[in-house]
Amino acid sequence: MKTFASDNWAPVCPEVMQALIEANSGHSPAYGDDQYTAKAKQVFKKHFGEASETYFVYNGTAANILALATANHSFNAVICSEHAHINVDECGAPENFSGTKLIDIANNDGKLTVKSVEKHAEALRYPHQVVPNFISISQPTELGTLYSLHELKTLADYAHSHNLYLHIDGARIANAAIALEADFRTMITETGVDILSFGGTKNGMMFGEAVVVLKPELNKYFELYRKQGMQLASKMRYISAQFIALMENNIWKKNALQANSMAMLLAKKLAKYPEIQFTQAVETNGLWLKLNNEMAKKLQAISFFHPWDPDNNEYRIMTAYDTTEDDINKFVAALEVG
Amino acid sequence: MKTFASDNWAPVCPEVMQALIEANSGHSPAYGDDQYTAKAKQVFKKHFGEASETYFVYNGTAANILALATANHSFNAVICSEHAHINVDECGAPENFSGTKLIDIANNDGKLTVKSVEKHAEALRYPHQVVPNFISISQPTELGTLYSLHELKTLADYAHSHNLYLHIDGARIANAAIALEADFRTMITETGVDILSFGGTKNGMMFGEAVVVLKPELNKYFELYRKQGMQLASKMRYISAQFIALMENNIWKKNALQANSMAMLLAKKLAKYPEIQFTQAVETNGLWLKLNNEMAKKLQAISFFHPWDPDNNEYRIMTAYDTTEDDINKFVAALEVG
Amino acid sequence: MKTFASDNWAPVCPEVMQALIEANSGHSPAYGDDQYTAKAKQVFKKHFGEASETYFVYNGTAANILALATANHSFNAVICSEHAHINVDECGAPENFSGTKLIDIANNDGKLTVKSVEKHAEALRYPHQVVPNFISISQPTELGTLYSLHELKTLADYAHSHNLYLHIDGARIANAAIALEADFRTMITETGVDILSFGGTKNGMMFGEAVVVLKPELNKYFELYRKQGMQLASKMRYISAQFIALMENNIWKKNALQANSMAMLLAKKLAKYPEIQFTQAVETNGLWLKLNNEMAKKLQAISFFHPWDPDNNEYRIMTAYDTTEDDINKFVAALEVG
Amino acid sequence: MKTFASDNWAPVCPEVMQALIEANSGHSPAYGDDQYTAKAKQVFKKHFGEASETYFVYNGTAANILALATANHSFNAVICSEHAHINVDECGAPENFSGTKLIDIANNDGKLTVKSVEKHAEALRYPHQVVPNFISISQPTELGTLYSLHELKTLADYAHSHNLYLHIDGARIANAAIALEADFRTMITETGVDILSFGGTKNGMMFGEAVVVLKPELNKYFELYRKQGMQLASKMRYISAQFIALMENNIWKKNALQANSMAMLLAKKLAKYPEIQFTQAVETNGLWLKLNNEMAKKLQAISFFHPWDPDNNEYRIMTAYDTTEDDINKFVAALEVG
């Protein structure tokens, strides 16, 4: 049975699996000097523009930490949401890898605004204070919410006028693109984002994420930091082949659309129950909501999903690329059982 | 003219200077193997108990960072106030030296409470989250406020029942002891504090701070971290001799008492002006207050003091061990000038 | 055409690929809480003993760095060969991740001996010097040579009598086991090795290495360091399933045997050419040798292999699990062309 | 009784002590914004040229680590002698503070040459290997030997032609200047040295070292790293006043000359004993020599000095600025006792 736990509980989508099988032929140069990697990098250029450069790593933590390492000295700081994955779910990896301090901003919807960032955008007491260098946001956020194109551009403009770079943690960036009905160039390159962690695993891959560098100066040391960060894959062709499958043929789109649609369908069905209180807008492929114990128990009996804030009976329900209407129906039907 | 900028603008007090002159005779083993250091360590045992061990370092940043390094692995975290010196004024030293993440708690008076700490005291999602290992508080706080003995004990008890250590940043610990009318053993050892950064410089020394370790297991690696932290003084006798002068003859008490008394006197005199709004209780040797531009200008013309929150016309006024009643009178008199 | 560049240029072996296809079914808990990982950990216990614990990571750099992090504080040091992969091919990852210093020992055959280690086994000037905590060796070495069981035991005994742990970088540990005709328990557990980086990728996997912990106290923080080291795979089942395929059915043995046999065959054929000078004993699946320019050119025309020490015309030729006798014959035949 | 243990066992020289007493008057801005620091920085410009910038720190470890941090990323490496203080006596501080790897070169006299450096000057396998960024040498070396002006210039030229900076650990740089009969501008600025750790403590100060930056781009982040490195002195005037005393009136010269002369005198007297074997040339203020047990015992009875290589009966004897001819005579006389 499928779960609503997380999109990384899902298997590899068939197109990606097929690509892995096909790539498994003959010898191929190690460490990214292979033809698959060359092609995958080109495919990303089509999505993000010729000036972009893309690098492949194993997972999302690495994509984030290495993206932020591109420009951070140990005295620099990253401004982020208190809910940011880098702040709460990466076991201090940013601090340990680069010495970087995180300045986390309180908020209710996972989002930063210029107003919430601005009192932290400059070191007030040089050289006593860390020097902010990055604003890092998640799109969609860790609460499933979205920045509009306008909001992205506003943050990027603000960042650039304050000697800051804008980084996006895009572990589910495909879901955001679908939700905003925007291609990657429009959402990322043209709003002025400087560097992006591009998620593959939650979109149907086996492993592998990409770092898309939009500002040329951020490429300078990436490969050295990737190696030092234990993220240089020897048989890199197997990451690259997956990304080709996903990105060249719009599989990313199909997968994200399915996940988002199913979340919307589920939200619509659950909205009929007045006891259920949505705590965040449902904008991508996750639902945050409060359930009474009885309802929670009935739903968990069908399919596992994670408590979010146990003290407040808040739960997170995630759909995936392989969630079907039938899965939704069976899940919701549990609530009707006496 | 004396200033109200900070107690570290003051010179070295006469008794400490005399001790330096007297210590300057003949050869003496380097790196702390000298008789002055042996004696100074004994003097600290008298103040903190026989089970305590004391180590000397150059400055307050080092005392804090090395104290926290005693038990922190890079996956650990330190819970502290958002105003904590380690959080805002040490340029990311904790993160860089140990890889440690700081979890900073919002508050209005510089103080942590069990209530504000408790939702951060445990890693919720092992192994995704950092593991808190220390609660670090400042006594007095960076806003001049104080923890009572009861509050200290409550925090220490809470810490110990949650596998946490309690660290105190005591850059002005002497001022706190005077304010609470408590000796160090009562305030620190007996409340259950585990490790203390003991400030010397702001109490009249030229340079030098101490780390007082109250829990034996925290001694284990201190000397190695001190050396690696670039804090092993070759001519250590000159730190130790200062501490002997300060601590053996109650000079610390005389100095802190004078600073605190002058702050109280100044507060009393300024309280007569209804335009002046105190933003923090005056409990040690600093005043936090809002001044209108005219008053600020008049006072600054007599003696410099630092803006604290320029957007809100908030200032900080610090007294020192050498502030006199005459200094206070001249300062306040400026407000009476037409 | 197959190359002799490196065993990580080879594709995934059929049994492993099949296992990946079979594991790709349905939802499965993320981050290692899945049934494949549970089973793979059991399979490793069969090889290394019930007291061992095994953890999966993405690559060999990570296996090494995380293995050494289990017991190292930043003031500790790792004693290793000057040729060690951690010393020359991991871009400073040990130093950056843990702050650990490497003490590298000069040698001609890639091997450490008690004699070469002993002057570095203790910090002479506490607390000025780093404190050695690990001896790290590679089996087989980066020069293709082998430690005998007796040599392993001697080093382990020496380490343990000097408060040191013995770590093995076993990127090609299967090749060593075949060469020594020893199972893993005999070679690793029973000689007293404390922690092992167990290589999967070079033995036919797509990605994934294992850290086998033989001393229980080294387990304590592993999962936290793995997460912080950006090595916690969300879809871990796909590493685990590969290891099950490799380890449960002796595929590791078949693969390593083929690689080693082909290296021996090649060595035997090349030994007939007096112009070729072997610079290391051929003990596993690599050949180190000096070739004159003409011979090098002829061989490179057939199949790429890496220069090792270009100033001395030294080359490295690696066989892989998929190298065939036919590959060897075609390769050597190039030397006969006029 | 004076010792021959180390120049950091000596007290503070009278001129420096007097300067401290005189500086101890009134309030003075903290953290280096004071008039003493401004003046001391100017004094250094007179010695090193107008383009130089000088920063004060507490000790020699810090001067070295912060000097190297000016240009090092964590993937960079520092090439140094195996005997370098940064390699053996700073408890891994370079590795921990910056993540920097040290590449240490074997030698017999403490000195690096172009020949010994050149095979390490470039990363051979990008991005697998660390990228050398600094050559760091000690002048005089940890074995008391000296680089000639020509040797310094040759190393600097080599460094600059290979994208490397040249750093000097000058803990006893004054002794080197005296020995070479060269002023600092000639020895450092004009030979092309890029950054210098300038020793004060061993030349008669109480505490305090300077980092002299000769290449403007190395100034960029120094103050941030100094703060993060726990080396920003709050009452900096007391370091600066000492340096003014030392550097403005040639006290550094007087002190170094005395130490060197006494070493030469002692060497001359000891050379008469055929049983004594000098292991290094006596070029500054230290003697390295082998003593039989009886002679060692007799000398140690008069004044302590450190064993250097106990296995080989090698000792180090250091003179200081306060060593007198009388001290030498009494010391050597011990050998004549029956």
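Quick notes on this structure:
Chains here go by letter, A, B, C and D, matching the order in which they are written, and residues are numbered from 1 within each.
In this section, a residue touches a chain if its C-beta (ideal position, glycine included) is under 8 Å from a C-beta of that chain, and two chains touch if they have at least 3 such contacts.
Just so you know, these numbers come straight off a predicted model, no measurement behind them.
Chains that count as touching both chain A and chain B, per the definition above, are C, D. Set against one another, B-C and C-D show the most C-beta pairs in contact at C-D. In this assembly, C is the chain whose CA centroid lies farthest from the centroid of chain B. Rounded to whole angstrom units, the spacing between the C-alpha centres of chain B and chain C is 50.
A separation of 33 Å divides the Cα centre of chain A from that of chain C. Centre to centre, using the average C-alpha position, chain C and chain D are separated by 42 Å. Residue positions 74-75, 90-92, 96, 99, 127-128, 224, 227-228, 232 of chain D each touch two or more of the other chains. For chain D in complex with chain B, the residues that touch the partner chain are 1-3, 5-6, 8-12, 17, 20-21, 24-30, 58-62, 65, 90-93, 96-97, 201-202, 206-207, 224, 227-235, 238, 320.
Chain contact summary for the complex, chain B toward chain C: residues 31, 73-75, 98-99, 126-128, 131, 221, 223-228, 232. By the touch criterion given at the top, residues 74-77, 88-92, 95-96, 99-102, 104, 106, 125, 127-130 of chain D touch chain C in their complex.
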